[in-house]
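Next come the structures, one after another.
What follows is chain A paired twice: with chain B in the first complex and chain C in the second.
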Partner chain A sequence: MVFKRYVEVGRVVLVNYGPDAGKLATIIDIVDQNKCLIDGPANLTGVNRQVISYGRIVLTDLTVKVCRNARQKTLSAAWAEADIQAKWESSSWAKKLVAKQKRATLSDFDRFKVMVAKKQRSAIIAKKMKELK
Partner chain B sequence: MTKKIKLASTPTVTTVDGKYYPAEDAPAKSTSKTVRNPTKIRASITPGTILILLAGRFRGKRVICLKALESGLLLVSGPYQVNGVPLRRVSPSYVIATSTKIDVSSVDVSAFDDKYFARSEESVKGELFEGDAPKPAIVSEKRKEDQKAVDAALMKVVGGVDLLEAYLKAKFSLTKNDKPHKMVF
Partner chain C sequence: MTVAGKMRQYQVVGRKAGTDENPNPEAYRMIIFAPNAVIAKSKFWYYMHQFRKMKKTTGEILDCVEIVEKNARIVKNYGIWLRYSSRSGTHNMYREYRDLKLTGAVTQLYNEMAGRHRTRPRSIQIIRTAALEAKDLKRVNGMQFAKRNVKFPLPHRVSSGKRNMKALSGSTFTTNRPTTYFG
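And now, the complex of A and B:
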């Protein structure tokens, strides 16, 4: 099995655990086998420059073209050029995260409405299936 | 010489303040400093909140809270034509307050209080001798009329919200994968 996502300078990661959980960041330097230096950039994602363990992050498909230890200013410019925010938000991964968060905040009435909508949808599909047979 | 014998006489009790003390210490009357406040009902329950009843005959039903009564109980109505819950008192401890609220200011519930629901003497006596199956509840005409009046006003509000009538008709239940401590009501 070949790895497709590498830990490298410029790799965009999603922080999974800790106070910045759920936010994007970029790897700008590698400390050792267990941790790396990441930066938001802070003005774009809210993640400050910090050393973080690999266990707390997950690699995404996106990369940014930056040199090792790039300044926040350079990093922000590279992010804007690569349009990372838009690319991330259009990915199905990001959409699933948003849907998950929305589901967690649904009220009892909202859950009822979802149930009704699901039933209507499956009724339409079943009707169509019957036609096709 | 005859001695004059003084007969002992029962001492007359004269209450002269400060000079008379009772034989046993009378307990001093304690002044009660406790304040009786109206029962505090949690902030999530307001008139117009949709409640989920958790216990009792109508457990699982979704009902509309109309007001909080003096005794601390909640006055609730199905409405009756939607889910069969009449004007009823319900304990707030056995209820989930959902975040769904409707405007019930147009519904007049000033006539309903704890006295309205007090059980008549005849019905209380009859309960002690339960040999047969429980008799069906005898609903007075007054109750039916009051129910109709309240429900007419309620249905106008309920009809204004999409799917609310169907929501009140449906029963609440937990299914697999439901985590009540994580669910937002």
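And now, the complex of A and C:
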């Protein structure tokens, strides 16, 4: 079991719990074994510079090249250079989160439409399966 | 004293009340860690009557001002020298904490002393505090995080998004064990 995601300065994390839940942030310093200092950067993701527990964040695969205690300006520049926003949004993780959120806001009519679409899809698949046999 | 939540740092200045003999007595200044200003002033008299011949009834507090952390945006290493009484005697102790603020470190101190030694806040006296450079740290725990390029994984993780629900699953009963490996 090799670990690929590390808590380190520059690691992009997803905040999981609390007022900033669902937003991305970067680790800019490590306090101790239970908490670290994160920053959005605030102008890009809306997460202010704060100490947060590891239990409230999830490590992603993305990292940014910054020094410890990077200022918001340098951090934003590094984010833009590494194109983190685009990389995150194109990842299947981010897409799944969006889909989940969409699913949670569906109305009854929307759910009906989903059901009909699913039935249509499985009808096409069943027909193809029959042909292949 | 009751310590609920965060500690604050106060500068309390007081002196013995002026009399005809001594109209302008010497003023003393103390740095007190307390949850609020009321307790800070009370602690001021607690210490002052241990060190000098003055007490609340014969003295006056000239000033009680909260001291705010100069830069609460960077992590610092704090060393705290304290004196505490245990069940069998009173001892001196030195502890180190990493925190953004000195008051944060002191809060951690009180909580840790309660947890590790069952010491109540009333039994703890803070003698001295200092912000330290990484090279002056003495305790291993802080030293390992004060290095350059610290990096470590988070093994055995409980997904905290499921905090309100049954700890690791969406449903009460499930047939598979949860996964705690997240890369």
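Basically, the second predicted complex is superposed on the first by the 133 of 133 C-alpha atoms of A that agree within 3 Å, B and C clash if a C-alpha of one lies under 4 Å from a C-alpha of the other, contacts with A are read in each partner's own complex, and residues count from 1 in each chain.
In this text, contacts are C-beta pairs under 8 Å (C-beta built on N, C-alpha and C of every residue); 3 or more make two chains touch, one makes a residue touch a chain.
Worth saying up front: this structure is predicted, and the values here are computed from it rather than measured.
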Three-chain arrangement built on chain A, chain B and chain C clash or fit: fit
Contacts of A:Lys130 with chain B and chain C, given as first, second, both or neither: neither
Once both complexes are placed on the shared chain, angle at chain A toward chain B and chain C, C-alpha, multiple of 10 degrees: 100
First, second, both or neither for A:Tyr6, with chain B first and chain C second: second
Which of chain B and chain C A:Lys100 touches, first, second, both or neither: neither
More chain A residues in contact - chain B or chain C: C
Which of chain B and chain C A:Asp108 touches, first, second, both or neither: first
Least Cα gap, in Å, left between chain B and chain C after the two complexes are fitted on chain A: 9
Overlap of chain C and chain B interfaces on chain A (superposed complexes): none
List of chain B residues in touch with chain A within their complex: 50, 52, 62, 96, 98-100, 163-164, 166-167, 170, 172, 182-185
Chain A-facing residues of chain C, complex: 73-75, 98-100, 141-142, 145, 148-155, 158-161, 163, 181-183
List of chain A residues in touch with chain B within their complex: 104-109, 112-113, 116
Chain A residues within the chain C interface of the complex: 1, 3-9, 16-17, 29-33, 37, 49, 51, 54-56, 58-59, 61, 68-69
